[in-house]
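Shared between the two complexes below is chain A, which has chain B as its partner in the first and chain C in the second.
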Partner chain A sequence: MIDVSNLSVNFGPAQAVRDASLTIAPGARIGIVGESGSGKSMLGLALMGMSPDAAQVTGSLTVDGTQMAGASERDWRRLRARRIAMIFQEPMAALNPLRRVGDTVAEPLRVHEGLGREAALDRALALFKEVGLPDPAARLRQFPHEISGGQRQRVLIALALACNPGLLIADEPTTALDANVALRITELLTDLSVKRQMALMFISHDLTAVARATTEIMVMYGGTVVERGPTAEVLNAPRHPYTKGLLAARPRPEGLRQSGTRRRLPTIPGTVPPLDKLPPGCRFAGRCPVELPQCATERPPVVANAACHLLAQGGAA
Partner chain B sequence: MGLFLLRRTVGFILTLLVVSVVVFATMNILPGDPALTILGLDASEDALAALRDQLGLNEPVISRYFSWVWNALQGDFGISHSFKVPVAGLISERLPMTISLALAGMTMTLLIALPAGILAASKHRKAADWGVMFLSQLGIAVPAFWLSMLLVLLFAVKLRWLPPGHFPGWDDPVAAIRALILPTVALGLVQSAVLARVTRSSALEVMRLDFVRTARASGLSRGRVLWQHVLPNALVPIVTIVGMQFAAVVTGTIVIENVFSLPGLGRLVFQSIANRDLPTVQALVMMFAAIVVTANFIVDLLYVAIDPRLKART
Partner chain C sequence: MTLLAVENVTRRYRMPRQSILQPGPVLTAVDNASFTLQAGKTLGIVGESGSGKSTLARMVMAFERPDEGRIRLDGQDLNALSASALRAVRPRFQIVFQDPYGSLDPRRTAGWSIGEPLRATGDTARAEARVAEALEQVGLRAADAQKYPHEFSGGQRQRIAIARAIVTRPALIVADEAVSALDVSVQAQILNLLMDLQDDLGLALLFISHDLSVVTAICDDVLVLEHGKTVEQGPAEQVMAAPRHPYTKSLLTAAGLT
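Let's look at the complex of A and B:
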């Protein structure tokens, strides 16, 4: 359904995304993980044609076989909601506070499908039921400030589903929510993707959520894809040094209580440098525990789905 | 909601009471003897005393205040010293003129400022934005009376498209509207410059919010996002300014009606001040204050109509 190759998003000399490539088949569930600033949200926005005004987007991006690189706002608008929909991190701020949530969900139906107010609200009611909002008929008439965070995220999911998109991009959909609510939203997104045969791109730094929701995974660091593969494989047997560090830094219940002594969580040394200070070679150079001399200057080759000089030489990170 | 309405209504009435005290006190500590003004400098001491008695000027201030308020509540503002007719009649004859001029000026302000402000915000840091900012800066810098004289010189004297002043009355609606065009522009242009800037900055603020991104992600057109999502959320500061501007426009009619010699309250203010016509001035100042306070009362109600979150809090 979507083919991306060598997509870059630049802000002048700073590269937020460098040469990202991916294919999204109908019904696929892909996770994109990485720290903040890894370029995962920028990648998601680029697939909506919603990169910031200051960004230059290069590379190839086809949707249903149509080349969308350099497409006009008008062309993108035809795809949004109807082919590709997106939900965002902050469910409170993502809803117009002055509108009843039913009207918010009905709006794209009225605009894109020419439905009247009543018909659109009927569809909104059906969507509210589908996303599991309690007492959906009463919800239609409520304002965002009158419902909880998890319910707001369900409203936003209903809004995204309104025009039956082929792909739903969920950018950190669970980050602002309580753990148990987050879990249920993750399950809801997975179920919807399976039932509707709708592709799901699940962008998150929450590895547990991504593990539950997706079958494929892409790990991003500093705007580049460092490793990809089936979700279970990458999470159980990470190969790239960054993925290993990321997984090791995940808190695990057995690690927290070890005969009374607290085990310190391993961390990746240093912080992600600003976009314009990233090394020209491997983006992870400088923080990598197994760095080779050429890492900082030469781009790593991709071998067996991981971009790493050491792995390319047959070493194990 | 009911409580909110009650509180605002009580506040509204209290404000008007305070205004009436201030207006009355100001008028009564002004130097100058109304009786002397009416009868002239040559009047005899007996005649002056008799007139003062007739005007009630010898009563204590407190009782004069209460009788003024009591009569005013029944629509009696006394007799004009200079016109020798009831003040209430003078005002009610002229009120429609001033109100229609003020409403026309305000309507024009909104029709210019909202699209211009939204346009500037949507083209942030582009040519259209700079254009709106430049023109509005110009509009703010130009005084209304000077602008109206220029308008008269251009459109009435040179091009002869519109009458330079005087109001033919509503019997001939076309002529009446033509006579109101220039005063309306003179009144509204400066205000629209101010409001365009307020609209722009308020819209820019809203455009940064997440729900605007959600609206775009729903495939809505730019115009729809701006007018249906951004503008309603930008309205609270805009309505605040519009309330204040309505007050400015109403008082602005004093100057504009004089420049264009229109028979409204503004012109009456001028004439009655020049004639030391105390009852008329007093009633007029009270009238203007009431219009301003009413405008602010309406603004308070609009806040709640715009934002459902305020309803929950009040």
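Let's look at the complex of A and C:
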């Protein structure tokens, strides 16, 4: 459905995304994980044609076989909502506080499908049922401040589903929610993807949520995809040194205490450099525990789904 | 030695009125909470939004008074102290907040912000040297005192907030969601820093978080709050291995820890 090759997003000399390639088949569930500044949100926005004005986007991006790189805002508007929809982290900020949530969800149906008010509200009601909002008919007439955070996120999911998109991009959909609510939203997104045969792109720094929602995963660091593969495989047996470091740094309860002292967590040394100061070779150079001399200057080849000089030579990180 | 004792503390808030004829309903944010914290130890307070964990933190910091119950630090009832007496014991207990950007003045240098607790308590002798010492204790350089908050990364800003908390050489630090806004790899660095500081300085830590995996990695004991009520408390390893309350179980499941 979507084919991305060598997509880059530049802000002058700063490269937010470097040569990302991916294919999204109908019904696929792909997780994009990475920390702040890894480029995961910029990649999501580029797929919606919503990169910031200051960004220069290069590379190829086809949707249903149509080349969308450099497409006009008008062309994008025809695709958005109907083929690709997106939900964001903060559901309160994404809803108009002065509109009833039913009217908000009915709007894309009226704009894109030309439905009348009554017909659009009927469809909104059906969507509210589908996303599991309790007492959906009463919800239609409520304002965003009258419902809880988890319910607001459900309203936004209903809004995104309104025009039956083939791909739903969820950018940190569970980050602002409590753990129990986040779990239910993750389950809802997974169910919807399966039932509707809708592709799901789940962008998150929360590895637990991504593990639950997706079957494939891409790990990003410094704007590059460092490792990809089946979710369970990458999370259980990471190969790239960054993926390994990231997974090891998660606080785990087991082995909390050794001989009376608390165990320190393994850390990745240093901090993520600013985008315009990333090393030209492997972006992880300078922080990598198994760095080779060429890493800082030469871009690592991608061998067996991991971009790493050491792995390419047959070493193990 | 018992450093902090929270005894049957309850805090109620009056909600906005819904009718002009009646006063608004009362919300019990913290309902009869009790715990003690020994010097040098760590107690985790876990709960979701609205569970009352931040209200508890504010009461321990004496920013707010409990409606019932007592909070004792070194055996002294904090709410029985006069304003000036309270100010005199402030150096003993300090707080680190979630958002290091919101809790640092963007127009003041890091050094000014770190030195503020010293000025507030009138303890200004050798302030500059103590700010430098605090910066080095949190893994920054003494020269960083001249920089402004925007010149630091998120993790470094949280280090500055921690430096500000330890500059008075406290016995207790309240960490209210202190690592929640940080990326996983930065979070690990800050958790290690907190554990190192505890070992070096003998700090007790009241660690408030919604994230059970973080709490179990750092805390000796855990207290689980739901809607202001204490549903479970005990040693962290025991609560993790054999949670008794269904709410604790649901939190463990949601965090992917079971």
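Some observations on this one:
The rule is short, and it goes like this: the second predicted complex is superposed on the first by the 310 of 317 C-alpha atoms of A that agree within 3 Å, B and C clash if a C-alpha of one lies under 4 Å from a C-alpha of the other, contacts with A are read in each partner's own complex, and residues count from 1 in each chain.
The rule is simple: contacts are C-beta pairs under 8 Å (C-beta built on N, C-alpha and C of every residue); 3 or more make two chains touch, one makes a residue touch a chain.
This structure is a prediction, so every number in the text was calculated from the model and none was measured.
Superposition model on chain A: chain B and chain C are shown accommodated side by side without a clash. Using the contact criterion defined above for the overlaid structures, shared-chain residue A:80 touches chain B, although it does not reach chain C. In the overlay built on the shared chain, the residue A:159 is in contact with chain B alone; chain C does not reach it.
Of the two partner chains, neither chain B nor chain C is touched by A:291. In the overlay built on the shared chain, the residue A:19 is in contact with neither chain B nor chain C.
Touch criterion met: A:111 reaches chain B, while chain C stays clear of it. Looking at the shared chain after the overlay, A:95 reaches chain B, while chain C stays out of its contact range. Touch criterion met: A:246 reaches chain C, while chain B stays clear of it.
When the shared chain is aligned, chain B comes close enough to touch A:48, but chain C does not. Here's the short version: in the overlay, chain B gets within 7 Å of chain C at its closest Cα pair. On chain A, the patch touched by chain B and the patch touched by chain C do not overlap at any residue. Those residues of chain B whose C-beta lies close enough to touch chain A in the complex are 209-211, 213-222, 224, 229, 232-233, 306-309, 312.
Taken together, the chain C residues at the contact with chain A in this complex read 48-49, 153-156, 183-189, 191-192, 195-196, 199, 210-214, 216-218, 236-237, 240, 250-251, 253-257.
Contacts from chain A toward chain B in the complex involve residues 48, 50, 73, 77-82, 85-86, 88, 90, 93-98, 107-108, 111-112, 143, 145-146, 156, 159-160, 162-163. Note for the complex: chain A touches chain C at residues 35-36, 149, 178-180, 182-183, 205, 207-208, 211-212, 245-246, 249-253, 256-257, 261-262, 264-268, 271-272.
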